[in-house]
Amino acid sequence: ALPPAMAKSKTIRFCSAINLPPMEFMSPQTKPEGVDIDLGDALAKSLGLKAVYINMPFAGLIPALLADHCDAIISQLFIKKSRLQVIDEIPYMVSHEAVLLKPGAPKVPDLEALSGKKVATVTGTTATVLLDKANVALKAAGKPPIDIVAFPENTQALQQLQFGQVAAYGVAYETARYYVHKVPGQFAMGGPPYFKIATGIGLRKNDTALNQALTGALATLMKNGTYAAIFKKWDLGIDMIKPEGG
Amino acid sequence: MHFDWPYFWHQLLEPDGAFLQGLWLTILISVGGQVIGLVIGLPMALARRSASVFLMWPARFYIFLMRGTPLLVQIVFIYTGLAAAGILRFHDITAGPFTLSGNVQAGILALGLNEGAYMAEIFRAGIDAVDRGQTEAAKSLGMVPGQILRFVVLPQALRIILLPIGNQFNIMLKNSTLVSVIGVSEMLLVTETINSATFRTFELYSVLALYFLALTSIWGGVMRYVEWRMDRGAVRGDAAVIGMLQGEHI
Amino acid sequence: MADVLVQAERVEKFFGPNKILDGVSFTVTRGETVVLIGSSGSGKTTLLRCINHLEKIEAGRITVNGFLIGYRDRRGVLIEDRERNIARQRRDVGMVFQRFNLFANLSVLDNIILAPMRVRGESREVATGRAMRLLARVGLAEKARSFPASLSGGQQQRVAIARALAMEPAVMLFDEPTSALDPEMVGEVLAVMRGLAQDGMTMMIVTHEMGFARQVADRIIVMDRGRIVEDGPPERLFNAPAHAKTRALLAARH
Amino acid sequence: MHFDWPYFWHQLLEPDGAFLQGLWLTILISVGGQVIGLVIGLPMALARRSASVFLMWPARFYIFLMRGTPLLVQIVFIYTGLAAAGILRFHDITAGPFTLSGNVQAGILALGLNEGAYMAEIFRAGIDAVDRGQTEAAKSLGMVPGQILRFVVLPQALRIILLPIGNQFNIMLKNSTLVSVIGVSEMLLVTETINSATFRTFELYSVLALYFLALTSIWGGVMRYVEWRMDRGAVRGDAAVIGMLQGEHI
Amino acid sequence: MADVLVQAERVEKFFGPNKILDGVSFTVTRGETVVLIGSSGSGKTTLLRCINHLEKIEAGRITVNGFLIGYRDRRGVLIEDRERNIARQRRDVGMVFQRFNLFANLSVLDNIILAPMRVRGESREVATGRAMRLLARVGLAEKARSFPASLSGGQQQRVAIARALAMEPAVMLFDEPTSALDPEMVGEVLAVMRGLAQDGMTMMIVTHEMGFARQVADRIIVMDRGRIVEDGPPERLFNAPAHAKTRALLAARH
């Protein structure tokens, strides 16, 4: 059973930072597309709903969800303890982190190798947290810290790397890989993906009706092959998860 | 430097539908914010001038708050902060085929509330600038304060503040870009979105700047025309102009 | 006492610490023309403004047509009345200002009909009819559609008189109605006022035009530093002024 | 509504180091932008008033451009657009222990370039407001234009424009939040960052608003003091005040 | 001709289409005091302003001390000189304005020493020494540290004269130096000017003070609608004016 408001309006509102290809991004015609969008559409469809997407900076997603500006977040939101204190998350994939560099720059085996460098991130993302953590370690080792520059959105951060105004960009592996292929010769991976983490759809706590509905719908999509088809379409097979208990 | 002229001309002269929608939203938001500002500004100005402390102090506080904090903070506060505290939530409003989404509402409201404080100060200055003798003459004829305001003081104040209000709207047009931070797809956010796919940053932002220059220049032209009409009107006591500004016949 | 129209009793008025009116008492009978004279700062303007409560008073009482102006009497204590009541009282008192104060946003006709329509609730037709008669009386019928800014000072002041008369007041107050005018326009305004006096309008006039005062005044009141120092018919004041101030004023201005 | 008072008081009275750094950056950026604005504004005003079309038209165009487009667009354009076109890239500047990162430089530059146009108009109005007789007297004594400007016109213009400049700085303090979009960790971005971890949006933005109210109020107080000193000075011909404003003795 | 200090030859000056100076020619010899009179708008101010090139001229030429003012002669064609050269020429011509034009941002002393220091490159000591002597001469030694706003009009004008004298000009121009003054201050300024005339300063004075003109002028020039209509010693003009304008002016103002 869907929450009554949703049953009435026949729409589900997803908050999303629609600026992180291939997970979610705007087509030049400003139509949302990407893995999360395809998945969101499919989930909505199997619930007999229409999905709408509300675009906002990443750091604003959870506040917006809590503010009831949307019903759920679908925006490659990692499942983390701190987040689970304020929201619920339904896992639907795994993600990885990566460091994006300019081609030819020396590879970085770990984040601490970025010591003393200027590194872009997007405000509120896990990369920021990981870089902060690396800085603690660097400080303990007496090495110069990483200079973290947090941008409100992905394009800004990416372009600073492109123009050499930063040395690296800490971002989800999926996005990093997208740009390495999409804009050939401009970017290079700093190394293999690190930090594998479950990723989920964010929900307000105690929104049990929706939680159950979406969990059920996700199971259906996994069973009928839609789920796999979406990840295949975007060439992200490594991020798929198995149905619970299956 | 490499400047992609064909792309630039294409964006400038045959913009995407999305960009034109952004332009439309920029105008809608600016006009909406200005209207709210005007609607708030007048009572706020009257309250600010009131002898009653229960009107004067709240108005004063409102103006202080809105003018003392950044508009960007106000926008986020109104959209996210108020909702987070459960005070005010914005839901889409649908009227027939037309939908006004929550963040657009919040954007217009935030711009309008901010503008209201500036409008209040402009209205106040305009009312204060009307010769006291006008009020006294009206009083001596037995008119009550509401009538004096409506038929004598406001029509004259309006003449005085028309240009300051026009200038404020010019600022409003530019400030409307700030609602991009709450995801309103006005021209700036559309440009950013296109940029995230094409990376023609310089060309795209040049086009965006030109569109804003066009908007503000057109508005500037309107203002100059009004100013010119008013100057003529002031000299000749031009009934039509004064009627136009007065907006209402007694 | 049936014909006492304006009565002031021991009126006192302060601006801050300065006593501007100091125990002023006088009466004006229906149909009388009273001229106020006094040197600059003696309180003439202030006195007129108290009569229709454009200024508050700190002590004493002023009545017009028997009604207390600006205050209500609560068991002997005067408390300021509500705006709405004060506005009603003001209808009986017409006022003409030194600087005309025509409504700059309205045509001559609209200036005149505004208050009759809005305050007395007259229809536009009735108000316009009276306004046109009054404009004819002050010799400006053809200016009905003009705006104040396009009129000469003398014309503006005559419109201001017509505007005040349109409310059919019981008494008209004039505060130096000609002193902001170029000399060649003084005559036309004084002529209108002379006509009013002949028609029996009750008037209080502050003026420096001594010839005019002598001609139209039934009584002249002389003020000095907030007090009335002499009050009598013009013949006596001009021929046998009792007070040194009167002598000085009549000598200087004549 | 649930308002977390302890958290609010904690943030307000014992803010994180990061927040204090944001405050410091807000002030640094505002002051930096204002200084650049002043430095640009004066020559631009002189060029705008110049008889030479080669000075006048570029100045006019600059002012038109800066006042006709949104500051937010200018900020992104300068930081990202110029770099994308390969015209100007911002690299960190290190002086001893102190580093000014590229985006902070870009932010200050953008705010300063924008402010320069407004400053130019203020300077121009101030110079025009100085009585022409002052210039003619100086000319008749054989002084050349540069000397007249420096010793006679500017000191007097400065007196006139001091308050408008003060008001501009108040606007600058608030506009400094806009550089958050290019990742400058001033107060707003720090607040957003904290919010993205704690989600106490209402409390955090309330604290942010209060900090801005404090900044703008303190500055307002400074302005009122200067105004009061100037009023006194104007009446008494107060040598000390005039000297202070003049900044330089002949 | 060695002692000709100021010479104007067929000067013409237009404002837009209006010819303001129409073929004005005159000479002033060293030590002479010349008074210019003429009704309002006749071009007196404009003529003075042309002499130190505060206004351009469209035809004719003006020389001071033999140097062409404001223009360079390029094979018979006059082209406007550079600011720097014009500024140098102006040092020789002191000017006193109707509205004083003291530098509002500077003390009295700084007003006087500014140009000597900055234009003539004098040391502060030298400039201050002369400034104090000049202030003593105009009777204002004790006001050296005051600011213009705190001085009366008469005092300001005397400072303005001292300021002009501090550049040791060859000729002093006065444009109605007393007409912005309250009557009681006119005398103190005229006294200073009388002293200058006695000390042999060359002066051109526009004034309406006919008594003063008669007393100090070596010659009076009468202007009418941009032309010089009469030019001669005061005795002759006062006793036997040749031109109707002169008669009218002297009759009206006397």
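By written order: A, B, C, D and E. Residues from 1 in each chain.
Throughout what follows, a contact is a pair of C-beta atoms (placed from the backbone, for glycine too) under 8 Å apart; a residue touches a chain by one contact, two chains touch by 3 or more.
According to UniProt, the chain labels map to these proteins: B, D = Amino acid ABC transporter permease; C, E = Amino acid ABC transporter ATP-binding protein.
What you are looking at is a predicted structure, and each value in this text was computed from that prediction instead of being measured.
Engineer: If each hop has to land on a touching chain, what is the smallest number of hops from subunit C to subunit D?
Structural biologist: When the steps are counted carefully, the minimum from subunit C to subunit D is 2.
Engineer: Both subunit B and subunit E are touched by which chains?
Structural biologist: Both subunit B and subunit E are touched by D, going by the contact rule given at the top.
Engineer: What is the chain whose Cα centroid lies farthest from the Cα centroid of subunit C?
Structural biologist: A
Engineer: Quick one: which pair of chains has the most contacts?
Structural biologist: After counting contacts between each pair of chains, the winner is B-D.
Engineer: Roughly how far is subunit B from subunit D, centre to centre by C-alpha average, rounded to an integer in Å?
Structural biologist: Once rounded, the distance between the two centres reads 24 Å.
Engineer: Express in whole angstrom the distance between the two chain centres, defined as the mean CA positions of subunit A and subunit B.
Structural biologist: It comes to 37 Å between the two C-alpha centres.
Engineer: Using mean C-alpha positions as chain centres, tell me how far subunit A is from subunit E in Å, no decimals.
Structural biologist: 82
Engineer: If you average the Cα atoms of subunit B and of subunit C to get two centres, how far apart are those centres in Å?
Structural biologist: The computed centroid separation for subunit B versus subunit C comes out at 46 Å.
Engineer: Taking each residue of subunit A in turn, which ones touch at least two of the other chains?
Structural biologist: Where subunit A meets two or more other chains at a single residue, that happens at 57, 60, 63, 66-67, 152, 159, 162.
Engineer: For subunit E, write out the residues touching at least two other chains, lowest number first.
Structural biologist: As it turns out, subunit E has no residue touching two or more other chains.
Engineer: Where in subunit B do residues touch two or more other chains at once?
Structural biologist: If we look for residues of subunit B contacting two or more partner chains, we find 76, 80, 82, 84, 181, 192, 199, 201.
Engineer: Can you identify all of the chain pairs that touch?
Structural biologist: Going through each pair of chains, those in contact are A-B, A-D, B-C, B-D, D-E.
Engineer: Can you name the residues of subunit E that touch subunit D in the complex?
Structural biologist: Going by the criterion above, the answer is residues 52, 54, 83-84, 87-88, 90-91, 93-95, 97, 99, 101-107, 110, 113-115, 117-119, 145-150, 160, 163-164, 167.
Engineer: Using the touch definition from the top, list the residues of subunit D that touch subunit B in their complex.
Structural biologist: Counting only subunit D, the residues touching subunit B are 1-3, 64-65, 67-74, 76-77, 80-87, 173-178, 180-181, 188, 192, 199-202, 205-206, 208-209, 212-213, 216-217.
Engineer: If we count contacts the way the header does, which residues on subunit B are in touch with subunit A in the complex?
Structural biologist: 16-18, 21, 76, 79-80, 82-84, 89-90, 101-103, 181-183, 185, 189-190, 192-199, 201
Engineer: Subunit E touches which residues of subunit D in the complex?
Structural biologist: So the residues of subunit D touching subunit E come out as 131, 133-134, 136-145, 147, 151-152, 155-156, 159, 234-239, 242, 246, 250.
Engineer: Please name which positions on subunit A make contact with subunit D in the complex.
Structural biologist: By the definition above, subunit A touches subunit D via 57-60, 62-63, 66-67, 82, 86, 118, 120, 123-124, 128, 147, 149-152, 156-157, 159-160, 162-166.
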